[in-house]
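Both complexes below contain chain A, partnered by chain B and then by chain C.
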Partner chain A sequence: MSAAAQPTGIEEFLLAFADDEHLMGQQHTEWIGVAPFLEEDLAFSSIGQDELGHALMLYELVLELRGVEPTDGSVDELAYFRGGEQYRSSTLVEYATTDWAEALVRHWLYDTIENLRWQLVAQSSFAPLAEVAARAQREESYHRQHARALLDPLLASQISRLRILTALDVMLPMAFASLSPPAGESEAIAEGLASGSVLDLAGPLTGAVTERFDTDVAAPETIVADRRVRSADFAPLMSRMREVFDLDHSAVW
Partner chain B sequence: MHTYEVFLKKDGRDEFRHAGALDAANDALAEVHARETYIRRAEGDRLWLVRRDHVIVADVDFVAPNADKPHRHHDGAAVAARRKANREASE
Partner chain C sequence: MDAFETFLDGGGIVEADDDMPDDYRRAVFAFIEMHANSELMGGLTERDWIPKTPGLRHKMSVLAKTQDEIGHGHLLYMVAAAMGVKTRPQMLEDLFAGKSRFHNVFHYQAVTWGDQVAIAFLVDAAALASQQAVFKNCSYGPYRRILKRIISEEGFHMRLGEDRMMRIAEGTDVQRQLFQDSIDRWFWPALQLFGPDSKPDDKLLRWHIKSERNEVLRDRWVQKFVPMLHSYGFTIPADDLFYDEATNQWDVGPIDWEPLKKTLAQGGPDSARRITEASNNWNRTAWVREALEQASATVPA
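Let's look at the complex of A and B:
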């Protein structure tokens, strides 16, 4: 079976997480050289690299389920060369921004949700997935410390607090939309791969946002988003990611 | 913002050594950025951060006078020279 085969429900479920990690990692690493200060250039793109590592581990699981040996080539085919309609990423990670406040708020929102998502598969009946979750969670506590340490002083000053809350208005609807259950989730729950639905994370997310930003927020009454549909920002992002590949797809490095 | 001095050591080996400095808004951010900037390639297993304004800096005039007390340098050179002179005189 090739990497481009029609994915099964379980594969769809894993791809939704893998693609989120992959694109979030890419977005974070694009701050290298343009973050507000040198140490933050390093920190933010390091965190991006961690997310890319999580994506790699999840893509490898998808390949194993397909009976394809995970190699640089087969992983690249899955990560970079599917058609846009075959990606399962959320708008939260596709959204393009050059605003540091938005990038930082998205970092906090994404990592808060990511932590909850890993918890849903920490006791997975699919042992390799539980192992990936354990490894990722060790890195995630550091990611959350980073986001918290930056937001603490920024929310304490009136001017930056206003910028952060403006960014929250933009990012929060996308964060809730990312909790729309991906295809294959019910199958994953039925088989014990996951212990619950991402939809149930809306409550914990609402509570965490209210506490973190000290502002009233409410989860939308219905969360509907289709991970089979790409936002306008996806194509330019993917084109940047493929830029070197596209010079010569068959080149050997 | 505060300036923090960064010290590293390898676990069970050597003493803490000064690695550099960085500016950070708070202690938690200083930890994060020291980790990314100074130990991203596992240059140390232990990390100390000291706020520069917590460092006790002695006045230069207070420190300097001890530079001109050669009698405190007991490296044996004077004794060795005297013994050599005695030995040569008795030959």
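Let's look at the complex of A and C:
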């Protein structure tokens, strides 16, 4: 099976981004119908679509590198049917929450980091990746505007400020951990696919958080996280995502 | 009222700021409020399955559809609120308190993925047929304009629903059994969505909100879906179903309206859970709305 093939360094590098986008989009789908107001239901369904779309494009790049034609079937094989140890997602996007404050703070943190990550590949020597980055960056500016437009008033009100800062305490360590360089990154940098390491994004992230949340934060001295290891929330999440597929693996849905 | 009805009979269109009889205002408002509530509760029925949609591209289409549906609810609540009977928050509070109505079909739970597809196929078609009939001759201008957009988007949803249904119908035994079970659960609720035969003095017909009688729309749906489901080899859960050779029409036999009546009194199979969950979700995020209200109040004009 193509999806089970041992990935090369470059593929690992792309899968780390693709898996993050996939699971972030997936997490957004959980808020449809239960957000604080209708406009937020709309925003999360739209942003969720964008993130899944980015994942789709990145998975397609991995398949092309493998010489596999990207079809709905081959993309889904890669997106849904690797063993847990083959996923490269960060804990930030695996984390399950039913708290809107955490969901909103994660949305802002993830999109802030995502934008910086796209910048690292915007001038990629791998032209299809640069094209995906250009498209994604246009959408991402709306995502960040959306998160900002909610966070600003919620941080200004005494009713909500503490909830948002409490959520930040929970989410920020995961956000920094997501900056641990994925396998294949050094190869990607050496080949000009990426212009720098995600590790270098810790400084910009710290600055952005300090400014947005008006609170002192410091990046951890060392960022150690292994994207080959899954968090406790991954298995239930994946089982939910595969539930219909699991009814009959020979079926086309 | 006579002069107003003459105006409506002559094709007159009522706008939000126009004078209108109070009975007309209340009846049209109640109709639009129920439509808005149904879009919202329909989204909640589907949300149980959206995260489980099999496939990345498939999930993106389902999200796009959901985004449309919630968008319809959003527009409908605006149109309803502009009638000055209730504000949007009042409508939502009433909905979550179990005090207002939404379509019978959303008092049932989607228990399998097959149900999700059956809703997109059978229920959406029934809802679309009703909306088209309202759009055709609707005397309330703001509603008519919104319906135009809703109907054009619902047309895309129908094709998505048909496409998904066909993949299942032409699929494996597991898929076909799953969908047969869903037809067994959803055929009657979808048919009952049209309601019992219209009364001779139905005000919504007289005031040009509805343009066709319930039984006419219901029968048209039966004539389309019974042969279509048969053609894919599915059975219809109607013991008295027969084909009348004389009229070339399908007849589903007597219709039991008790299940519909129960849903109107919030006593459907899933009404209590549905309303309680919606209400709990609403309350759980009350702090967001309160904080935003406070923030907007402190922003200098």
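The rule is simple: the second predicted complex is superposed on the first by the 251 of 253 C-alpha atoms of A that agree within 3 Å, B and C clash if a C-alpha of one lies under 4 Å from a C-alpha of the other, contacts with A are read in each partner's own complex, and residues count from 1 in each chain.
Everything below uses one rule, namely that contacts are C-beta pairs under 8 Å (C-beta built on N, C-alpha and C of every residue); 3 or more make two chains touch, one makes a residue touch a chain.
Remember, it's a predicted structure, so these values are computed and weren't measured experimentally.
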Chain B versus chain C as contact partner of A:R240, first or second or both or neither: second
Contacts of A:Q145 with chain B and chain C, given as first, second, both or neither: first
Broader residue contact with chain A after superposition on the shared chain, chain B or chain C: C
Touched partner set for A:P153, first chain B, second chain C, both or neither: both
Set intersection of chain A contacts, chain C complex versus chain B complex: 37-39, 42, 46, 150, 153
Residue numbers on chain C that touch chain A, as the complex places them: 40, 43-44, 46-47, 50-60, 63-64, 66-67, 70-71, 73-74, 77, 113, 164, 167-168, 171-172, 174-175, 178, 281, 284-292, 294-296, 298
Complex contacts: residues of chain A adjacent to chain B: 37-40, 42-43, 46, 142, 145-146, 148-150, 152-153
Residue numbers on chain B that touch chain A, as the complex places them: 22-26, 28-29, 31-33, 35-37, 40
Residue ranges of chain A touching chain C (in the complex, touch as defined): 22, 26, 29-30, 32-39, 41-42, 45-46, 48-49, 52-53, 55-56, 59, 72, 75-76, 79-80, 100, 150, 153-154, 156-157, 159-160, 163, 240-241, 243-245, 247-248, 250-253
